[in-house]
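Next, two complexes with chain A in common: one pairs it with chain B, the other with chain C.
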Partner chain A sequence: MTSTEGKVVSTVDTDAALVLEHLRVTFNVRAKEVHAVNDVSLRVRPGKTLGIVGESGSGKSVTVRAIMGLLGHSATISGSVRLDGEELVGMPEDQLRRRRGVKMAMVFQDPMSSLNPTMRVGSQVAEAVRHHHRVGRKAAWSTAIDLLRSVRVPDPERRASDYPHQLSGGMRQRVMIAMALSARPSVLFADEPTTALDVTTQTQILRLLDDLKERYGMGVVLITHDLGIAARHTDDLAVMYGGRIVEAAPTASLMSAIRMPYTQALMDAIPRIDALSHSRLASIEGAPPDPSMPSPGCAFAPRCPRAVDRCSTTPPLTEGEPGHRWACWYPLGVQS
Partner chain B sequence: MSNANNAADAGAPLLELRGVSKEFHVPGHRVPLSAVSDVSFSVHEGETLGLVGESGCGKSTTARVIIQAPRPTRGEVLLRGVNMTALHGQSLRKARREVQMVFQDPYSSLDPRWKVRDLVAEPLRVNHMGTRTERAARVDELLSVVGLDPKQYGDRKPGNLSGGQAQRVGIARALALSPSLVICDEAVSSLDVSIRAQILNLLEDLRQELGLTYLFIAHDLTVVKHVSDWVGVMYLGRLCEHGRSDVIYRSPAHPYTASLLAAVSETATAPDRSDAGEIPSPFNPPSGCRFRTRCPYAQERCAEEVPELRILSAGHRVACHFPLATS
Partner chain C sequence: MILGTVARRLLHAIPVLLGVSMLTFVLLNLLPGNVALAILGPGATPKQIRIVDRQDGLTQPLWDRYWHWLTQAVQGNLGDSLLSHASVSSLIGQAIPVTLEVILVAQIVALIFAVTFALFAVVIRNPWVDRFLSLLAFGGISAPPFLFGILLILIVSVDLHWLPATGWIPLTQSFTGNLRTVILPAATLGIGEFAVHMRILRGDMLEQMREDYVTTARAKGLPRSRIVFVHVLRNSLFVLITVVGVNIGKLISGAVIVEVLFALPGVGNLLINSITERDITVVQGIVVFVAVAFVVINLGVDMLYSALDPRIRRASTDG
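== the complex of A and B ==
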């Protein structure tokens, strides 16, 4: 399959924990091919957070599930996924299983559905520890307490004896993160980890992830629909729309010079704390595209106020400025 | 406390809650769960009150108690001065038409087997409003009002609608009986960012065009800022601060409100209160001020004495013994 990308991420990449190149994910739905992820190239640096931002159907969660090998047999994955230099696409299932949960781990939106309700949380963390390390029960328990302490569960010795339902959503999410950390992964995926949490707890969990990535030198991939959260808690940013990356750059440079009209529209649609009562929000008319019904050209064109005839041809994702890629024929703030 | 609303309000309120409490008896617990405790506030016609707080603070129970489903354990709910808590049967059903709700998950509140047209017609049919032809015309009108072309969407089923379209149907249903008060319970919380903006703008347009009054319940303070004239902050079943939204957002007086705002604005100085413990159990709320176990400013008095909601300035009430300095 040929690439539509102008410039490809360097093939020799020693400075990355995870490198995706031309990742494609196709589902077979009722004898029809649905391209959920199209030609995604990204890299995750150790000790840094990559934010993948997008709305429903943008392909952000499918991308991560493809990397984790959670999609099952209906999905066809092509391209390259290299974790610590090792190619995962095409790797036999038994070998892949050894990497999953060890070199990469995942935290989901709803911690309650990922925890065993009949087991004390300390035992669940200890079980994860014993799964990855040859240690006895007692050592595993004390490691579990240490892990709970490192994710700032207050009074971890006592909390370890609690069952999941006795903990708040934020504490459960900390337990999930402790379990994910038990194997010392190179990359931690967090899929909307704070969406189900209250505002005060959201900030705590995001700050915890900020702190852990530095302490463990671990790459973090934060998947979120909230560009505001991504702007504050990531080092690199990729915006997805209709299964493609439409803009990507280091967070600071992207936020200071947004090029893709969709990214700008997402930014404008976020309610502001300093807004006046009854002020209108800049909304994006229409709805995100349905991946099962792709239209030719730029996927955002039907909703884009700047769209012209040329947008019926898919714009390639090109590096318009050093480190800043965008897929738009008429980027904002750039003379054509 | 029941008439503690401020002097800035003119005329009789559309909705008034006087000392409303709701307790639930939960199997396996000797003491009842105190979901809402002694809540009083009022909402005037054409205005929007945003009710905020974390999950379990009692904001959704407050909404349900207003429509008397379930009825409050104590206190009164007045709609245009009429005590809803004293109404039964036909008169209660009639009063309830004036208050309609829009829920968080549009799909789960719409029967997936029904067509959009029939879903919007249902409240009209149940309440015997108009003839079949009149109802059909009203449904077309309602769909147009919420921005859905009746020809294009009328015969679809919820499964063939996007999240935003489904929420528009939910709003059309809520408007069918021409209510005065619409309670939006986390109505935009599960929508995509671009769709959320559309629905918030739609609600704002409807307020102006139809003269609606909203009780807007949300955990997201930034969303509430956009829609509200007044804001009420709840914690563990109690109203801890209430006032003009510009005043509350500019200078919150309750430490809990301040912590919520700090979390949203994420100022560098905002303390990380992850070690401040959990929200206490509503079966056994702390004595005195319910927020004291997580409050950085708590003193002895806070454990001994329940702080009453008192007037701090015109249009600003707070339930705190040691309110933060306001500008």
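== the complex of A and C ==
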């Protein structure tokens, strides 16, 4: 652990909606410890979107679920999570529950399975409303319709009486967002909210999230494996690999100067519209590390084209340039 | 559309009912002994027996008798008892309230207990509660109902003198009297039902707890009790209804045993008596009646299923 790492997070968190410091998540699986999230420090600013990018198994979803307190009993969480200045790590479940849906809310990947199939969507939104504000059934229902309208569900009075299977994927995700907005949370987590949707719907949903964060001044954490989406819809960006943050910076500066070879590899994996037709899509050779079998050194080294002997010791996450952190001994574009 | 489904299902029932009635007819004729022996007593001569047989039309060929029975049955006439000469319909009509009450009380009480226990177990999440309920379910499922019946009679009736061991007081005669005579038979019949329902419901609810929509509900900040009662129970009801439907056959055959055990004047007891006395028209009538009831109840269960599940409801109104 280096001094710079500590400094980055502790100096400025007066204007942050959510601050993570040295967050660790360990699962106890058959008497074995699995380190799913390792020493993650991040800030989410109000009215801004933080993108967390990484492959499956990089720990991005676990990080968010740990903050929400949605992991089971087998998970051990340490470090610090401060939401609106309030420490969440170690908070009793009953109190944490009262903050879920109120101060922090979440939208999930698959909007079909994430909605109760036997309940009208309006009731599911109204349930959230009633739970957070002590209002009557009728008032909650009309608030639910207002919420559905605010996420641009057409004809919300009628749609509210529909069941999830009667709606399209995009509409279902709008319902999920309406539900998440019911208590005007400080932070909204969106865990791959568009992965299950087709491309045009994807853009609509992401634009909606952009609008909402500005309108309500809430912080958004957008989890995605698509660096292209992250580049267009985030203000800050953190790249995760093997449970660690390997590169983090404001989106614009990260995109203009990628330092970590893994980030570059993700960048290269985005299909390009100007690529020759039938040209081979770039992919990252090898597989992500198995968190139950950690090996010493940089987790990306086995797949990294630039790896050398030194990479068998773990590179610390350091602030190489103002606001730009990376964890690499031989960063791209930097004279060593 | 719903009516179409009902009509189609009832059409499917016709060959089933024909098969059932034909099979019973043949099987009853394969039984040794006949009703004449029951009427005349053990000292009857073969000649006397033949006279009684002829009176009852039992000397005609099997196929003719079946055809005669069938043409009458489709008109709603199930014939008369060979023994008492009362009409089979009236005999069943007298016995059915008893059987129906025992089955209904057993089923309803079993369901109430099963849902309560399963909800409790899922909300509480206590390993000792789980172990206790598993043991209860295991015992209830593996032990035959007559065992509980005998145990209940021994303890509650013989030792404690709390409730009568046998007999029946109809509801029309006395409410408390009826209650006193229905408790033990219903409990005997219900224990196995309760065990199956509780086990299935608890298992399915625990499975539902891993569904994404439950994570959504948790992310909303709902307490576990509300998640279980409102979200999970609703989705687990389908499994429960299915099991209830499948178990109806078991419940009817269980009722026969229980009625004999507690000497209740129900359809089961009527059936057993008619079999021992070779009163074949009554047996035939009861078998067909039960088969029809089975078909109708299963149809009802299916209707309930589609009434509760918006996905099925939609499909059946669309298509």
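By definition in this document, the second predicted complex is superposed on the first by the 326 of 336 C-alpha atoms of A that agree within 3 Å, B and C clash if a C-alpha of one lies under 4 Å from a C-alpha of the other, contacts with A are read in each partner's own complex, and residues count from 1 in each chain.
Keep this in mind: a contact is a pair of C-beta atoms (placed from the backbone, for glycine too) under 8 Å apart; a residue touches a chain by one contact, two chains touch by 3 or more.
Quick caveat, the model's predicted, so the values are computed rather than measured.
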{"item": "Which superposed partner A:L70 touches (first chain B, second chain C, both, neither)", "value": "second"}
{"item": "First, second, both or neither for A:R272, with chain B first and chain C second", "value": "first"}
{"item": "Which of chain B and chain C A:M176 touches, first, second, both or neither", "value": "second"}
{"item": "Partner chain in contact with A:V102 - chain B first, chain C second, else both or neither", "value": "second"}
{"item": "Partner chain in contact with A:P288 - chain B first, chain C second, else both or neither", "value": "first"}
{"item": "Which of chain B and chain C A:H132 touches, first, second, both or neither", "value": "second"}
{"item": "Partner chain in contact with A:H35 - chain B first, chain C second, else both or neither", "value": "neither"}
{"item": "Comparison of chain B and chain C by chain A residues contacted", "value": "B"}
{"item": "Which superposed partner A:R207 touches (first chain B, second chain C, both, neither)", "value": "first"}
{"item": "Contact residues common to both interfaces of chain A (with chain B and with chain C)", "value": "none"}
{"item": "Chain B partner contacts - residues on chain A that touch it in the complex", "value": "55-56, 152, 154, 167-171, 198-204, 207-208, 225-227, 232, 265-266, 269-285, 287-288, 303"}
{"item": "Of all residues in chain A, those that touch chain C in their complex", "value": "68, 70, 97-102, 105-106, 108, 110, 113-119, 127-128, 131-132, 163, 165-166, 176, 179-180"}
{"item": "Residues on chain C engaged by chain A in the complex (per definition of touch)", "value": "211-213, 215-223, 230-231, 234-235, 308-311, 314"}
{"item": "Parts of chain B lying in touch with chain A, wherever the complex brings them together", "value": "48, 54-55, 162-165, 192-198, 200-201, 204, 207, 219-223, 225-229, 245-246, 249, 259-261, 263-266, 270, 272-275, 277-279"}
